[in-house]
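These are the structures in question, set out in turn.
Each of the next two complexes has chain A plus one other chain: chain B in the first, chain C in the second.
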Partner chain A sequence: MSGANTVSARSGKGFFSELAAIFRGGDAATRLTFLVMGLGSLVRRQFVKGGLFLLSQVLFIWYFFGFAWQYLSKFTTLGTEGMRREWSEARQIFVRTPGDNSMLILLFSVFSLMLLLGFVFLWRASLRAAYRAQLDARAGRKPATFQEDLRRLLNERFHLSLLSLPTLMAFAFTILPTIFMILIAFTNFDANHQPPGNLFTWVGLTNFTDVFWKDPLKAGTFGRVLGWTMIWAVIATFTNYLFGMVLAIMINQKKVRLKSMWRTIFVITIAIPQFVSLMLMSQLLHDQGALNMLLKQWGFVSSSVPFLTDATAARITILVVNLWVGIPYSMLITSGILMNIPKDLYESASIDGASPVRMFFSITLPYMMFVTTPYLITAFVGNINNFNVIYLLTRGGPLVTDYYQAGKTDLLVTWLYKLTVDRQNYSLASTIGIFVFVVSAGLSLLVYNMSGSARKEEEFQ
Partner chain B sequence: MKKFFVTLLALALALSLTAVAVAETVTLKVWGSQEDQAMLQEMVEAFKAANPDKTYDITFGVVGEPDAKTRYLEDPAAAADVFAFPNDQLYDLLAADALYEVTRNKDAIVAANSAGAIEAASAHGQLYAYPMTADNGYFLYYDKSVISEEQVQTLDGILAAAQAAGKKFFMDLSNGWYIASFFLGAGGKLGLDENGAQTADFNNERGVLAGEAIKALAAHEAFLTGDDAILTGGMGDTIAAGVSGTWNADAIKEKLGENYAATKLPTFTLGDEQAQMGSFAGFKLVGVNTMTAFPEDAMAVAEWLTNEENQVKRFELRAMGPSNVNAAASEAVQANIALAALAAQSQFAVSQKDVLGGYWTPAEAFGATMEAKDYTKDVKTLLDEMVAAITAK
Partner chain C sequence: MKQKRALRQPHAMLACVLGLLAPLALLLPWIRQGGGSLGGLGLLTASPQVLALRPLAFFGALGFLFSLYALFSKNRNAMRGLAAAAAAGVLAAVYALLTAKATADASLTLAEPFFVSHLGPGLWAFGLLALATLVLSLMALRQPVAYVVLSSMAAVWLVPVAWLLLTAFRQEPGAYTPYVLPRGYTLMNFSRLFTETQQFNFPRWYMNTLIVAVITCLVTTTLVLMISYAFSRLRFPSRKTYMNVGLIISMFPGFMSMIAIYHILKAVGLDQSLVSLILVYSGGGALGYFIAKGFFDTIPRSLDEAATIDGASKNLIFWKIILPSSKPIVVYTAITAFIAPWVDFIFVSVIMKDNYQNYTVALGLFRMLEREHIYEYFTRFCAGAVLVALPITLLFIKIQKFYVEGVTGGAVKG
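Take a look at the complex of A and B:
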């Protein structure tokens, strides 16, 4: 049948067609490997390899039915009965016996399903190994020994050895929690459904419809918090960028002396941890804070300036304070690039009679934009999720009565934080989290693909 | 190979031995606030000394009462076995089946504590926690040299006296706890419906009048808001009177010296009548985690921490008002000015038990709007929005 083409079973085919090809081409031992992993290898005297496959199958079945099934079987309902209590006359207490726990059911179900997926790949590997051994035996070659297999993992298949640990880690610490969190958005895991006392269950898209249009309070809050998040992200990103660039250009002027001293002075603000300066600012700008006290003492104002307690003022304050913590970074980045712009461009421009402003818009800015678009995208997404500046300065305040558990300067991310930490409304928070992810990922991809940095990559230099 | 089995056997033996040892030691974790740690340690040492027949391994975690619910719900299995919490968290904790019913020694505990405290620790006719203090409320501190005993009876009198002296009246209006005193004084009710969801009527006719009173207060020249630090820092210098609770008693007493005085909250102008400001009566309770491995021992510790002797100690060391009847009747407690003021206010106080977590942020939002003198919406609209947000599921 498929005599010589050993490779064909490996590449260029789909998952099922490959398995079908192995089944068609396989002898009895290979076909039995579909049921008993490693059998094909054992028959061809690959004892270690076959044994490992068999062992993994036994372990998996033991794990799956011995442990995972008690959770997976309840995956559709997420549990029906919480902690049980029973009066014990002897102990004079209501003895608790653990019942279902929706959260554990969800967590272990996701984990087990991912393990099942991994097991399917292992199962396919055992089939491939059996088939290869069968083909090797038929062609009169000696099937690879375990030592040879190991050696191959260090040579031509080194990429597998190198990447397996990071992949495993990414699955365990990134992908598993992400899937778990995404699934929570489809449940009613909130303050009234706290396992093990009150179980939560699937509610479909209720959270999404609620937050997007159905529940006027939540949808209204969501729309307005989203609006401010976007305004904030755009203004914060571009003001930081522009002011940082202007500062860098000023320092970069030929007439300015002691350039490195000026740079150092501005960079010194980085030496103070961001959260410390933010909390100091919050104290300083407070209604009864130092700045207001001074202003009142000097007679500039009669009552406190509501830096952080009036909606508009608080928003402006936040943007300005954000300049304070952000400009040093953008100045550093831009001054490096500025020094790289070829001087002859400016020289020929000035010979042609171009004004400094014209030179800025025709040479400096396009050059900068070309190099820094990816940085701007990161900064923008970072600002959408800029928890520190908002939470440490105003805690999202000033609160208003027509928002649901949020204030005028709350970003989606700080609102999400309040919903989880203060209100235990995990499902709603997860819904918002998904939305934030979609927005930031979508915007970054869109802008990046439209930018010169991506389209004209090869033109640079 | 033989060596391997021997090692394995030794290991198994060692494990079983430690398992036996673990079974003999009662391992418990106790949560308390940062300020209470030393005192808690002392109480627990005394508990160990009183129960020499058992080995205890009792550790402490710094989780203040206000954070107890949040921290508990983060991971019930990892939470403390015995923890203190304010009684307004009772229903939220019960929703997660967090608390063991108090069944052992129940009659003695009920008899030893005030009826209000027992009521505050009960739900559906069942006692769920051990009352620890009865001082989680607020009242008025004032400077005797500025405000006379007659003026202190009405809010208008206090404001007038403070203004005349160029000083301020302090109240943290942007805080659901304090701002409630106006609505409660106007007869407003926070309750629970048959599904256990929050109900509120702070937007009815009298509620709106209370809202107008809050608006007038926030706009008054002699009004000052802020946090505890502002109050304790300014009392006597720029502040003539302030609304706060017993935890600030020592600091304020020190600042005012001879002029230190405290009393019930004043009356305020509600429409064209004078209404007594209400307040929340809060109790701090000690609960036993249902996830504990040693329920009986955890209950014994909880009971110990809240017995008469330790409530007296709590009063002596931390000036916390006892919920224990005997401890509260002692001369020292009776002579405490702050606690006497709290007792005077307590007849106008309502239990905080029926206040769920959703209340605080919207109430704070209303107070913050009034403090910011943002009058783009009228009081009725704001209160409607506030109540809608409070009762949102």
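Take a look at the complex of A and C:
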């Protein structure tokens, strides 16, 4: 057992040195496994395992050269032959000859490269299996049978059974699309370069330089949208958090009765889908909406208040409506934690004569900040990406001409969405997406590591 | 004990004084018009009477009596009465304000059209005095003043909900009405959602969403439990790397990859189908494994170790130890996964495009509010929204405790 473990294990050595060790220590069958997967296992009479390895190699080679190569070979250019429309004298019509499809080339190339990576891991697994079987045979032990291998999948190697399906799904629906879109940022895939009619190709860092400084319109829009995104995220996160906590403290007071009723009233508003409540709000606050109608009828204003159509007013409206949306969430989350603050802290503080306000700032707030840091990060990143509130209330408007396809209340994500769905400017959208990712991931990792909850992972088990 | 039950003194006195003053506001001008003004008493005794003023005068008088009684007896019950009268007075003032326009138009003959902005200082003074009396009497009774703040906040939060409900039952069509309460009530908005399916096939969308939600819920819960157990309890090479990659990947904005997902689904022939929705929602939901992992982390490891010594495999430990003690997180995961398809309209719009038969309710309702439909369909939109919101609300209220435990499960013990 120990022999097998020291070899198959164990990381410290690195990918290549481990393979080298296997090659040095392996006999002929193990060495041949470098070329023919599963051979080492087959020789040691592990037929099912070895057979599966061999089958996967055959299938992979068949896929890779039979199908994927036609796309992979064009990966560097993303296709050279556009679709052709030629006048056919014989049939008296334009005949379309389909050319290369840049998008499919890119998509299948990324997919095949990922598959190749997966295959390399499988290949290493077959080598490890061969070597282990060889060592077992040399030590006079019987190599593991297929049943034993299966049993190990429910115990020592349980992580393999648990994680393979989620990993596959993550590859299909998260990693593959993400890599694809990252690559798109380095191409000129937009409304004028749309497959299958047209080709798109690599343009290097042009999109990034355009959006950061070269193209005055795009760069100007980007800077101002980014500025508003940051202002929005900071204000929205902290107002919601503070007011939510104050609300929770009010409900949690010892003397307040019917606690669960109060909580339920606010929770109801969480449960109503946001697209419903926010669309109602936008109907309510519309220039010709119910609120303006009422205000005019009552004689408080003579013309409609531009709640959603004036840049500054719209920004304030959005922040206020977001309080309506967000306070119940933070109330619900903080009230659970508030009850967990050790009571003796407050008791000793009140013996020392501390006022309630003092206690809030010296005990409650520090404790809450410490415990809820992960929640605050998620909330902040969530607000950077807060699509619903902005899109459903103003659709990013009011639109202005010195912005490129964006409005005064657009966040980076709503701008990204409009660029993708309305304008098909995929390359610019991806560039912005990468930027949003860098900002939110950077912030998250920074604060996450500072907060200590990562370091303490093992401690409280 | 006795000390605690006694009234808090300066506050009680002040409350009584304000309670005596409040009804005097009836003598102030209530409606300014032209050069002169109409006082509260004048309005009350006018014929026909202004009805909205009656409760206001009644509660004012009641508060006056309780104040006198409390001033001389120092009685707790008198103070309770004063607090109740003051609360009712505040409500009556708000009601009078909201209905001022309607009542003035209906029952007064004024020189010029009435606007709420014409209200004189009388109503405002009455309302503010009643509010101050309420706050002070609560303080005198050593009851939390938070009640006042909580009730007004609750009102603000419930107004849109109330508007949604009222509109769902409103008889008149249109996006809004120039008055607050509907003129007529009906159930037609609901029944027409299910009978008039030519343009908006609501029943079919409802079924679509239900199917997608149930399957997504099962798949997501399974995936999340698998991932979190592996990350929390199993130690294997490159576990940390794996987790960090997961964390980083989940930070890419979902919109960015949306189009790519659409093309991938199209490449395998699954675009515009319900299956694709299930796959996308499950894949997205599975990324939320952090919360469940945090919860598993708090289950004492000693339990696992004891079981391992008894010869239990990792698989058995999951079923016999971890799963039974993680009911909250299972419920939380399941419910959030179930809710997702009901509330998302973005992914569904990108994936379904114009495949109208496979819409979910969210997208269908979203389409109802497009400019050309809004006049005819707004009340039906509200009715449909109620039908979506109702089950979700009930589920959510049932799990709100789990929700908190779910979100904070890992963090609290830290």
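Throughout what follows, the second predicted complex is superposed on the first by the 406 of 461 C-alpha atoms of A that agree within 3 Å, B and C clash if a C-alpha of one lies under 4 Å from a C-alpha of the other, contacts with A are read in each partner's own complex, and residues count from 1 in each chain.
In this text, a residue touches a chain if its C-beta (ideal position, glycine included) is under 8 Å from a C-beta of that chain, and two chains touch if they have at least 3 such contacts.
Treat the numbers as computed from the prediction; the structure is a model and nothing was measured.
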Combined model on chain A: chain C and chain B, fit or clash: fit
Contacts of A:T309 with chain B and chain C, given as first, second, both or neither: first
First, second, both or neither for A:F212, with chain B first and chain C second: neither
First, second, both or neither for A:N198, with chain B first and chain C second: first
Partner chain(s) touched by A:F266 [first = chain B, second = chain C, both, neither]: second
Partner chain in contact with A:Q297 - chain B first, chain C second, else both or neither: second
Which of chain B and chain C A:V421 touches, first, second, both or neither: both
Dominant toucher of chain A (residue count), chain B or chain C: C
Which of chain B and chain C A:L399 touches, first, second, both or neither: first
Superposition-derived minimum Cα distance between chain C and chain B (Å): 5
Overlapping contact positions on chain A, where the chain C interface meets the chain B interface: 421
Residues on chain C engaged by chain A in the complex (per definition of touch): 101, 115-118, 142-144, 146-147, 149-150, 153-154, 156-158, 160-161, 163-164, 175-178, 180, 223, 226-227, 229-230, 234, 236-239, 242, 246-261, 263-264, 267, 279-280, 282-284, 286-287, 297-298, 300-301, 313-315, 342-343, 345-346, 350, 362, 365-366, 369, 378, 381-382, 385, 388-389, 392-393, 395-397, 400, 403-405, 407-408, 410-414
Complex interface listing, chain A residues touching chain C: 9-11, 103-104, 107, 151, 154-159, 162-163, 165-166, 169-170, 172-178, 180-181, 184, 247, 250-251, 253, 255-256, 262-277, 279-281, 283-284, 286, 289-290, 293-294, 297-300, 324, 328, 332-333, 335-337, 340, 370-372, 374-375, 381, 385, 387, 413, 416-417, 420-421, 426, 429-430, 433-434, 436-437, 440-441, 444-445, 452-453, 456-457, 460-461
Of chain B, residues touching chain A in the complex: 70, 73, 76, 92, 94-98, 100-101, 103-104, 174, 196, 224-226, 230, 290-291, 295-296, 299, 357-358, 361-362, 364-366, 368-369, 371-372, 374, 382-383, 385-386, 388-389, 392-393
Partner chain B, residues of chain A touching it in the complex: 82-83, 85, 91-96, 191-192, 194-198, 215, 217-218, 287-288, 306, 309-311, 397-405, 407, 418, 421-424
